[in-house]
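Heads up, the next two complexes both have subunit A, just with different partners, subunit B and then subunit C.
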Partner chain A sequence: MLRDAVLVAGKDLRIEIRSRVGLNQIGPFAIAVLLLFGLALGPDRRVLAPASAGLFWVAVLLSTLLAVQRSYAIESADAARDGLRLSGLDPAGIFLGKASAVAAQLLVLEAGLTVGVTLLYGAHLSGALVLVAACAAGTLGLAAVGTLYGVVASGLRTRETLLPLLFLPVVAPVLLAATKAWDAALAGTPSHAGGWLDVLVVFAVLYIAIGTVAFGPLLEDG
Partner chain B sequence: MSTPARVLPQDRPAALRVLGATALVGVVATVWLGLFVTPPDQFMGNLVRLLYIHPPMAWVAFLAYGVATLASLLYLWPRTRAEHFDRLAGASAEVGVVFTGLTLVSGSIWGRPTWGAWWVWDPLLTTTALLFVLYLGYLALRRVPGEFHVRARRSAMAALIAFVDVPIVYFSVEWWRSLHQAPTVLNPTTHKTYVHGSMFWTLLLGFVSFTLVYIWLMAHRYRLARLQDLEDVEGLEVALEERRAEGDAG
Partner chain C sequence: MAPAVRLHEAVALAGRFPLLAGASLEVGEGEVVHLRGPNGAGKTSVLKVLAGLLAVHSGEATVLGRDLVADRRAVRREIGMLGHQSFLYEELTVEENLRFAVRANRGVVTGIRPVLEQFGFAGRLASIPVGRCSAGQQRRASLAVLVARGARLWLLDEPHAGLDQDGRDLLDELLTGARAAGRTVVFASHELERAEAIADRVVHLAGGRVVEPPEPTGASDSPAPSAQAARQTISGPAVPVTEDPAHVA
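Showing the complex of A and B:
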């Protein structure tokens, strides 16, 4: 299963590195979102800096939608999805591979966004360990739910509109917990983040578990 | 050529009519008791009258989601897989969404004079609002056309994925608010102590009659879903017959 996961993740990441859709489209999209938040809230850093954790995670959530849609768009061309189904790879491995490819791209994006909120909103970075832990656990949860709903929506004609509606309410706890953890770290009290990190870990573990079980039948149906 | 009228099974069974009439009488009685018979509350005044319908609506919403989840589970379980569980899940979730909407609206009307705001970020309210969009998504997914069993399995899994989220949402939101809760929300345990006499019976009647309304609506929605599926099958046969007749005539 893990070998299959590495294969699928390697394939997805190789496509992304060669096509540069993530770099050319998802990255600039996230920067545009950060700039728009700045316009919406005004230039006052006393307003922007305390809100930067929440704005960071909303930008991540929206970018996840694009990354997931991209992850399944590459399967739709040339009947690649049928190829994946016929490849004999373990469906759980395919799920883990696709989810980790999405997670890897999101982590790179988050590094860029962190620089963005520091420069644009004047967020003062502290508690690096908590920031990184929240990113790791939160991103895994987002990637797992995204990949799961992505396969549900991928074969459907209304996938572009359906995926956000299915995805966003479910990941509300990730937005909440990751924002609180980042808030605690940025405020210089990383010890207050402990419980929120637990929420992120529980969420990620739960949805990775569901994904490994449910992905096979969902892939068959599409 | 007109569509041949076939006798459809279970077209408006009598028991359903009796149930509907009973539910209607119950709701009318609850409204009458709530508005005219029961006294105003010593703290909330006439506002208390909204509480005869608001908790029953919320109860029905959660009951409906519970039934939808159970039905989805039974559909996914190979031994109990049957078409009626899929229809049951869809019908129940649809009624649940309607009652979640009603719960939010009635709660908001009550909250405006009580809390001074149409909306407060209370854990239960926030969870209910998220549930509302969560299940709207589920219903949207159900509407996507497709082969029956593919659609049913997809929907059942989406229902379970959504349901797993409900406790996480609730606990994280509750924790979020309890860390810095400013407005004091009415404690449900304290106002329970002064629900007595006619107020208690009215509330109980509210719960019973709204539950009957739920069963009645769900039964009709189920019946409708069954007829729609039948129409899909029969419509194809009718169309085939028509084309054949055209071919024979030509």
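Showing the complex of A and C:
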């Protein structure tokens, strides 16, 4: 399973690096979201800075949708999805590989967004360990949920509109917990983030487990 | 010896529409079978069922000794399929696609270089992203994947389509070689002359079932089944044709 996961993740990342969709579209999209939030809330950094954690994670959530849709778009060209089914790969390995590739892209994006909230919103970075831990656990959860619901939506003609409807309500706990953890870290009280980090870890583990079991039947029936 | 492929009264659905409506078919190990029939007859559906891409709603389906009704993924490492589409990743090179397919199938990639050369991807051509290849080259790349995976059962849907004359000749050689190597091949093709020169047997499909071959009318736009053809009945295995002059092409 892990061998297959590495193979699939390598394939997806190689395709993304070559196509540059992440660099040319998803990254600029996320920055545009940050800018639009800034415009909506006004230039006052006393307003923007306290909101920066929530705005950061909303931008991450919306970007996850694009990354997941892209992850399945590469399987839809030339019926590559059928090719993947025929490949003999362990479905759990495919799930873990695709989720890992999405997570890797999101982590790079989050690094850029962190710079963005610092420059645009005036957020003062502190509690680096908590920030990184929240990003790691939150991103794994988002990637797992996105990959799981992405395979459901990818088999349907309404995939572009269905995926947000499936994905966004489910990841509300990630938005809440990650925002609270970041808020605590940015406020200089990282010790208050412990419970929220636990929520993120439990969520990630839960959806990785569900995805590992459920991905195969969903891939076949999609 | 158990057949490589056995369908018995197999029904496959798309929603509530029957793609296969009780198809019965047996293919022996090492046999090359040509599926023939008009558009919508169920040729592609038979191939998809045998590949495990399409679920069997009722009836029986066994491929290489594995029950596809119980687990349609079980057989996939031993089959190779060529569909209407390439099943390849456009952003990856031909060689990368081959490496991925072989590794996914637990194979060793050291043997892919001769396969690439066999299909005309020597040197820098192997490093071209598939999306930049012509349709014929993509078809060759798909065939190269099929060969490199070393599958026991080949399922080919219109394999001649999109290939130039050299490519078609190469495909025919490939199929002849596959038969000599004891591989089982089931293929659908409208290239009747080429198909019947390669096939051990012709199976006729219509309305999602295996049917008797149509009587030649002379006005038909398709040639009569060859003397090699065998009759298929819906409920039973192949019954060899007696030397009926009416069926000799």
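In this section, the second predicted complex is superposed on the first by the 222 of 222 C-alpha atoms of A that agree within 3 Å, B and C clash if a C-alpha of one lies under 4 Å from a C-alpha of the other, contacts with A are read in each partner's own complex, and residues count from 1 in each chain.
One rule holds for everything that comes next: a residue touches a chain if its C-beta (ideal position, glycine included) is under 8 Å from a C-beta of that chain, and two chains touch if they have at least 3 such contacts.
Only a predicted model underlies this, so the values are computations on that prediction, with no experimental measurement involved.
Chemist: Identify the partner contact of A:L86: answer first if only subunit B is touched, second if only subunit C is, both if each is, neither if none is.
Modeler: second
Chemist: Looking at subunit A, does subunit C or subunit B touch more of its residues?
Modeler: In the superposed model, B touches more residues of subunit A.
Chemist: Going by the contact rule set out at the top, does A:Y121 touch subunit B (first), subunit C (second), both, or neither?
Modeler: neither
Chemist: Just to be sure I read the superposition right, which of the two partners does A:F95 touch: subunit B = first, subunit C = second, or both, or neither?
Modeler: A:F95 contacts neither subunit B nor subunit C.
Chemist: Looking at the overlay, does A:V170 come into contact with subunit B only (first), subunit C only (second), both, or neither?
Modeler: In the superposed model, A:V170 contacts subunit B only, not subunit C.
Chemist: If we overlay the two complexes on their shared chain A, which of subunit B and subunit C does A:W182 touch? Say first, second, both or neither.
Modeler: It touches nothing on subunit B or subunit C.
Chemist: Is A:F56 touching the first partner subunit B, the second partner subunit C, both, or neither of them?
Modeler: neither
Chemist: With touch defined as at the start, can you tell me which subunit A residues reach subunit C in the complex?
Modeler: Touching subunit C: residues 4, 7, 11, 14-15, 18-19, 74, 77-80, 82-83, 85-89, 91, 216, 220 of subunit A.
Chemist: Contact residues on subunit C for subunit A in the complex?
Modeler: Interface residues on subunit C, with respect to subunit A: 51-53, 55, 72-73, 76-77, 79, 81, 83-92, 96, 100-101, 103-106, 129, 138.
Chemist: Please output the residues of subunit A touching subunit B within their complex, sorted ascending.
Modeler: Residues in contact with subunit B: 145, 148-149, 152-153, 156-158, 162, 165-166, 168-170, 172-173, 176-177, 180, 195, 199, 202-203, 206-207, 210, 214, 217-218, 221.
Chemist: Can you list the residues on subunit B that touch subunit A in the complex?
Modeler: Where subunit B meets subunit A, its residues are 130, 133-134, 136-138, 140-141, 144, 146, 150, 153-154, 157-158, 160-162, 164-165, 168-169, 171-173, 175-176.
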